[in-house]
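What follows is a pair of complexes built around subunit A, which joins subunit B in one and subunit C in the other.
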Partner chain A sequence: MSPFSATNWSEPEDGFSTTFYEKYTSQLWFPEEIPLSNDALVWKSLSDDERWTYIHASAGLNALDTLQGEVGMPALRSLIDGHIRKATLQFQGVMEDIHARSYSLMNKTFLSTSEEREVFEWVRTQPQLQFKISFIQGVFADPDVSNLGLWKKLAVSCMLETALFYSGFFYPLYMAGQGRMVSAGEIFNLIILDEALHGVYVALLAQEKFGLMNPAEQAYARAWYAQTLQTLYQNELAYTDVLYAGVNLIGEVKRFIRFNCNVLADNLALERPFPDKEINPVVQNGIEARGTTHDFFSAKGSSYSKVRVETLSDADVEAIWAGGFPDLNVSNQVVRVSHD
Partner chain B sequence: MERWIELNNKVIAGNVVQPQHDKDALQVYFQEKVNPNTVFFHDLKEKIRYLTEHGIWDASLFERYAPEDVRAVFERAYSYKFHFQSFMGASKFYNEYATMTPDRSRWLERYEDRMAITALARSEGVEEALELVHHLVTQTFTPATPTLMNSGKANTGRLVSCFLLQDCTDNLDSITKTLSFVAELSKGGGGIGVEVSNLRARGESLRGIQNVTKGVMGVAKMLDNMLRYADQAGQRPGAGAIYLSVMHADFLDVLSAKKIASDEDSRLKTLSVGATIPDMFMEKARLGEDIFQFYPHSLWKETGQEFSDIDWTRDYQALADNANICKKRVSARRVLEEIAVTQGESGYPYLLFEGNANRVNPIANVGSIKMSNLCSEILQPTLPSYFHAYGQEAKDRIGLDVSCNLSSLVIEQTMHSGDIGRVVTAAIGLLDNVARSTSVTEVPAVKRANDEMRSIGLGAMGLHSFLAGQELIYGSPEALEFVDVFFAAVHYHARRASMQIARDTGFVFSGFEGSRYQSGEHFAQYLERDFTPQGAEIAALFEGHALPTRADWQQLVSDIQQHGLAHSFVMAVAPTGSISYVSHASASIMPITERVETRTSNKARTIYPMPHLSADTEWYYEEAYDMDQRRVLDTVAAAQKHVDQGISCTLFVPSTTSTRALQAYYLYAYRLGIKTLYYTRMRKTNLEECLSCVV
Partner chain C sequence: MQLVYDSLTGNVRRFAEDLARQLGGPPALAMREAQHLPGDYLLLTYTFGTGGVPASTQAFLQQHAARLRGVVSSGSFHWGQNFARAADVIAGQYGVPVVAKINKAGSAANRVQVLEWIGERRA
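The block that comes next holds the complex of A and B.
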């Protein structure tokens, strides 16, 4: 057994993990920050069908995030080498759990206890959702840890983060874009901001593994991917039929799923499986992974994050008092991370 | 989904920005939503009868005018063939300002109707109303939201919606009184600033028992909850800010309440926090020394002084040396760094540089400036009130609070009108009318201040959009020159209008005697030199406008000495949200944040391309986050010289910013004499930028 080493952040294991780690930790958030109860009155004004779709879409996402936090991310973390990479994946896992908690808080805010119970029971028995979960669990549990085996695990993780979550995301984005359920929409924004990064990071690890395979393995991997995607895509269409029947959005959601499958292919550097089609512009603007301009008095906004702490020096102060300004591009020596 | 929302979202859904989709959205919005859903009246008479009989418009309003005068005002409103320039502007107006049927299914007013009725309500004669409706429809200036929304209505809400309270003195009666005032004001909407520095700190003694008080946070949490509870019948939760001195022992506690990783019990969800910072603190920060933060109750017991009455620059050393006063030691720069960290995480606190505000306080004879409002542009002396238990109200002492009564010039339209003086005079007339029509009896110190001081605040918006249209770069020497000349001219005309009202009506605000207005000291800079354009480029912009000269100012100063002024303050530059969209202007005098804004509010997500955005103007629409913030601060400092109150000044920084940069900006702003800094906004690096540095 080789001796156990400490994490050396001064010697990065690759060109991107440190940046991702810093980006993730800087956008740490908790659902308690968003005043969800602001939406309570709007919730009451929704029709039964609208409420049903909204809450079941979230409940399905809760199950998938729980899967990622409990099974997916720990599996990847245990198989990927490198302290910094492991730390980065672990933090992703933590955020998945926080996402799951956010969905649960929504249930708690908007539903009665018996309604809540019904929704959780629905998750346990919904066939497409359970199929999706057990299929992906199967891949994570596969004992094959060769480059190909690892690549498969990374690829299904990306499928979740970049494509399979989005049948659920569609509705809250669609609603928030029209000014309904705006606080809950903020939570979805924050989650999407996280998932977008997770999807890209894990895809970069996957591309690396793909590059290590020989041509025969790569051909096999492509074929496996095409078949897996097809299976899950068909399942997703059936899930959409169930979830969106009451609100008449089935066609739009399916287009959105195909759109995200294409994004997934781009991230994994594979060929896009579907022709490019326009998606609903309101939803599209909702998934732009960026902060939004904010009406400060009504919601929190996804634009704030942890700030880098760097000490002001005597020279800085004197420069300003002398009528000048310090060169902010030249770093002062003492840099430390906020301890809060 | 509604078609105009989809069209509006198409502006940025493609690979290139397509502002023309916004015009389509605007057109479809009127064709499919507004026009078919507007109640039809055959003529004006029928409209007035219906609306007054249904209790929508105030019937007594129409008794003040002859029918043909009312008709003339409406005809004038419709004669301009007004068109909205953006979907955002139209939807803001029709969603938030235009009166609808009680079930909110159909409109009872069009844009012109709202402007005509506002002009009639806010005028005393037909000539005045005709002049006012001209300005309102052509948008040379726009009154603040509550004035525009509520004027002329029978069940009218208040015409003002922003208040400052200094009633929260250190006893339970005052605290509960403040809470009830806040609830009362919040119920009608708007923002409330509350000064809390007089409250004893956490752990101080209560009735002699040590270590039992809950400090400022206890009261802050109650305010936070109260504001969310009294939410205008569910329309919008109240909004409030507390102002706390950095010298208060609870300061860092309260600051932490705005951080991300605070536990639920110690978080302030929606309450904003402002920090008041004395000169002495800035000096210690400069020297890199420690300061003491004091426990107010202990300080009061030893010296008999209220916390907010202390002149820190004069008294700090004696208080620091007094062993009987409880205090704690902390590095001034460390406090400033904590402020920066919290701003990075939450946008808050606002900063109020007390020294800068009070050095140029024109009515120091009335009192000192200790606090600001929710948007940090209101700066007036306040005096605390003292309340007593039920049955002993006779002992109450009513101090001075503030109600903010605001309007903003639209710079582009004001400049194009060719007559700044005419625009400003009309705007001051409207604000004066609002002050006279307002009586907030629920909060006695607000009523007293409005009755006696009649303060108003004229500001401006659309600076960046005007500059971009003129192909001038925001924050450039030419732009700064424009700001200097423009605000000097606005100041002159505003003050002159205030003097004329005093002269013509005999009303002079209480406190004029002994003020720096009376001594002329407040106008010294204008008697030293002319504030007229130096360069030909800027001079060309002001062609046709009568700009005040030194001789004009001399005359005005002597007129003021003779007749007095009707208003304790006349200017304040508010951040302007909704009204700038309606007026098709960029917000306030800040730079734009995005060439195409994505705006999320409780109404909807709306896409808003900046006014006149095109391939030609794009280059001049540099986004705030890409700018060196000194350009913003220089712009604000140039205007501040001419503004008797304050200016909402936001810092815009990329997420890669460090606390060091933020602190450097604070010090730079302080050195320029800027009085307040509003919140700091941070742009998240988006995924593409993030990846482009790594892959």
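The block that comes next holds the complex of A and C.
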């Protein structure tokens, strides 16, 4: 058995993992920091169909983030070499768990206990959602850990985060784009920014594995990918039919899914599977709607940036109290208390 | 017009190489291979984090700002107002136009946009 080594951040394992790790720690957020109370009244003003789509979309996302935090990231972390890479993937797993908790806190804020139970039961029995989860679990559990096998696991993780989440993300963005449910929308935008980075990081690891395959394996990988994407895309269309039937947005959601499948292909350096189409302008507005509801001191939003800490030095003190500390000898001074 | 690119995920490289193929001129140059630039160039780079210019691009520009004629940045649409903002930052800093902002590896429309800009400068 080879000796166990420590993590040496002074000697990067590649050109990007440290950058991603630092980006993750700098954009770390928690759902408690974004108050949802402003949305509670708006929630009551929504129609039954709007509420149904909103909460079931987020419950489905909760299940997928739970899958990534509990199964996907630990699986990838255990199979990818390198202490820094493992630390980065583990941090991604923590972020997924935070996302899942965010969805659950939304349920808690907006739903009664019996409504909450109904939504969680729906997740357990929704056929397309369960198909998607078991299909991806199957790839994570596949004992093949050759470059091809690892590439498949990395690729399905990217499929989830970069494309298959978007049937759920569509609606909160669409709402936020109309100025409705903006605080919850801010949480969704924070999650989307996290997932966008996860999709790029894991895709970089996937591209590396792809480069290690011989041409025959690469051809097989491309064919496997096309078939897998087609299976999951068809499943996503059926899921969209169920989730968005009541709010008449089925066609728009499907267009957004195809857009994100193209983003996925770009990340993995594969051919875009669908023609280029613009994003729905209301959704685009929802993506850009940030930094409006919160400021640094009241709460965090997607406009928030983590406080950077700098060590206090003698020079800082000298700059402020040049010439000494005049008030040190307090006993000689008349202490005035100002009341104006 | 020489194309010089900085790429992390390969998206900008693929976009630049595709443009170079369509232009039929010299191949696009990776930034690290572009230490001796004889003439004007179009910079293609990416945006990282909240609208940041990659450190490698910043370092390159400090040496090669004189012949910079325009900038293209790739980005992720998820960043909303900060999408591909590196292009705005570089354009503001060096007084050159933003030729295009592309989502990831860019679309056919983006390629047309950049080719037209290059074509206008030739005319």
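Everything below uses one rule, namely that the second predicted complex is superposed on the first by the 291 of 340 C-alpha atoms of A that agree within 3 Å, B and C clash if a C-alpha of one lies under 4 Å from a C-alpha of the other, contacts with A are read in each partner's own complex, and residues count from 1 in each chain.
What we mean here is this: a contact is a pair of C-beta atoms (placed from the backbone, for glycine too) under 8 Å apart; a residue touches a chain by one contact, two chains touch by 3 or more.
Just so it is clear, the model here is predicted, and its values are computed rather than measured.
A.B. asks: Does subunit B (first) or subunit C (second) touch A:Ile287, or do both, or does neither?
C.D. replies: So A:Ile287 only meets subunit C here.
A.B. asks: Return first, second, both or neither, reflecting whether A:Leu212 touches subunit B, subunit C, both chains, or no partner chain.
C.D. replies: In the superposed model, A:Leu212 contacts neither subunit B nor subunit C.
A.B. asks: Touch check for A:Asp266: first (subunit B), second (subunit C), both, or neither?
C.D. replies: In the superposed model, A:Asp266 contacts subunit C only, not subunit B.
A.B. asks: Does the superposition put A:Ala141 against subunit B (first), subunit C (second), both, or neither?
C.D. replies: Once the two structures are laid over each other on A, A:Ala141 reaches no partner at all.
A.B. asks: Check whether A:Asp276 is in contact with subunit B, with subunit C, with both or with neither, and answer first, second, both or neither.
C.D. replies: second
A.B. asks: In the overlay, answer first, second, both or neither for which of subunit B and subunit C A:Ala203 touches.
C.D. replies: second
A.B. asks: Applying the document's definition of touching, compare subunit B and subunit C: which contacts more of subunit A?
C.D. replies: Counting residues of subunit A touched by each partner, the higher count goes to B.
A.B. asks: Output check: A:Ala226 vs subunit B and subunit C. Expected answer is one of first, second, both, neither. What do you get?
C.D. replies: It touches nothing on subunit B or subunit C.
A.B. asks: So in the superposed three-chain picture, is A:Phe16 touching just subunit B, just subunit C, both, or none of them (first/second/both/neither)?
C.D. replies: After superposition on chain A, A:Phe16 lies in contact with both partners, subunit B and subunit C.
A.B. asks: Where on subunit A do the contacts from subunit B and from subunit C line up?
C.D. replies: Comparing the two interfaces on subunit A, one with subunit B and one with subunit C, the shared residues are 15-16, 19, 23, 26-27, 193, 196, 200, 204, 284, 288-291, 305.
A.B. asks: For the complex, which residues does subunit C have touching subunit A?
C.D. replies: 8-11, 14, 48-50, 76-81, 103-105, 107-109
A.B. asks: For subunit B, which residues count as touching subunit A in their complex?
C.D. replies: By the definition above, subunit B touches subunit A via 1-2, 5-6, 9-10, 12-13, 191, 228, 234, 236-237, 239, 256, 259-261, 264, 267, 269-270, 285-286, 288, 333, 336-337, 340-341, 343-347, 577, 593-594, 597-605, 607, 630, 655-664, 667-668, 671, 679, 681-687, 690-691, 693-695.
A.B. asks: Under the definition above, what is the set of subunit A residues touching subunit C in their complex?
C.D. replies: Per the touch definition, subunit A meets subunit C at residues 15-16, 19, 23, 26-27, 189, 192-193, 196, 200, 203-204, 207, 262-263, 266-267, 269, 272, 276, 279, 284, 287-291, 305.
A.B. asks: Show which residues of subunit A lie in contact with subunit B when the two form their complex.
C.D. replies: 15-16, 19-20, 23, 26-30, 32-33, 35, 38, 41, 174, 176-179, 182, 185, 193, 196-197, 200, 204, 278, 280-282, 284-286, 288-299, 301-314, 316-317, 320-321, 323, 325-326, 328, 332, 335, 338, 340
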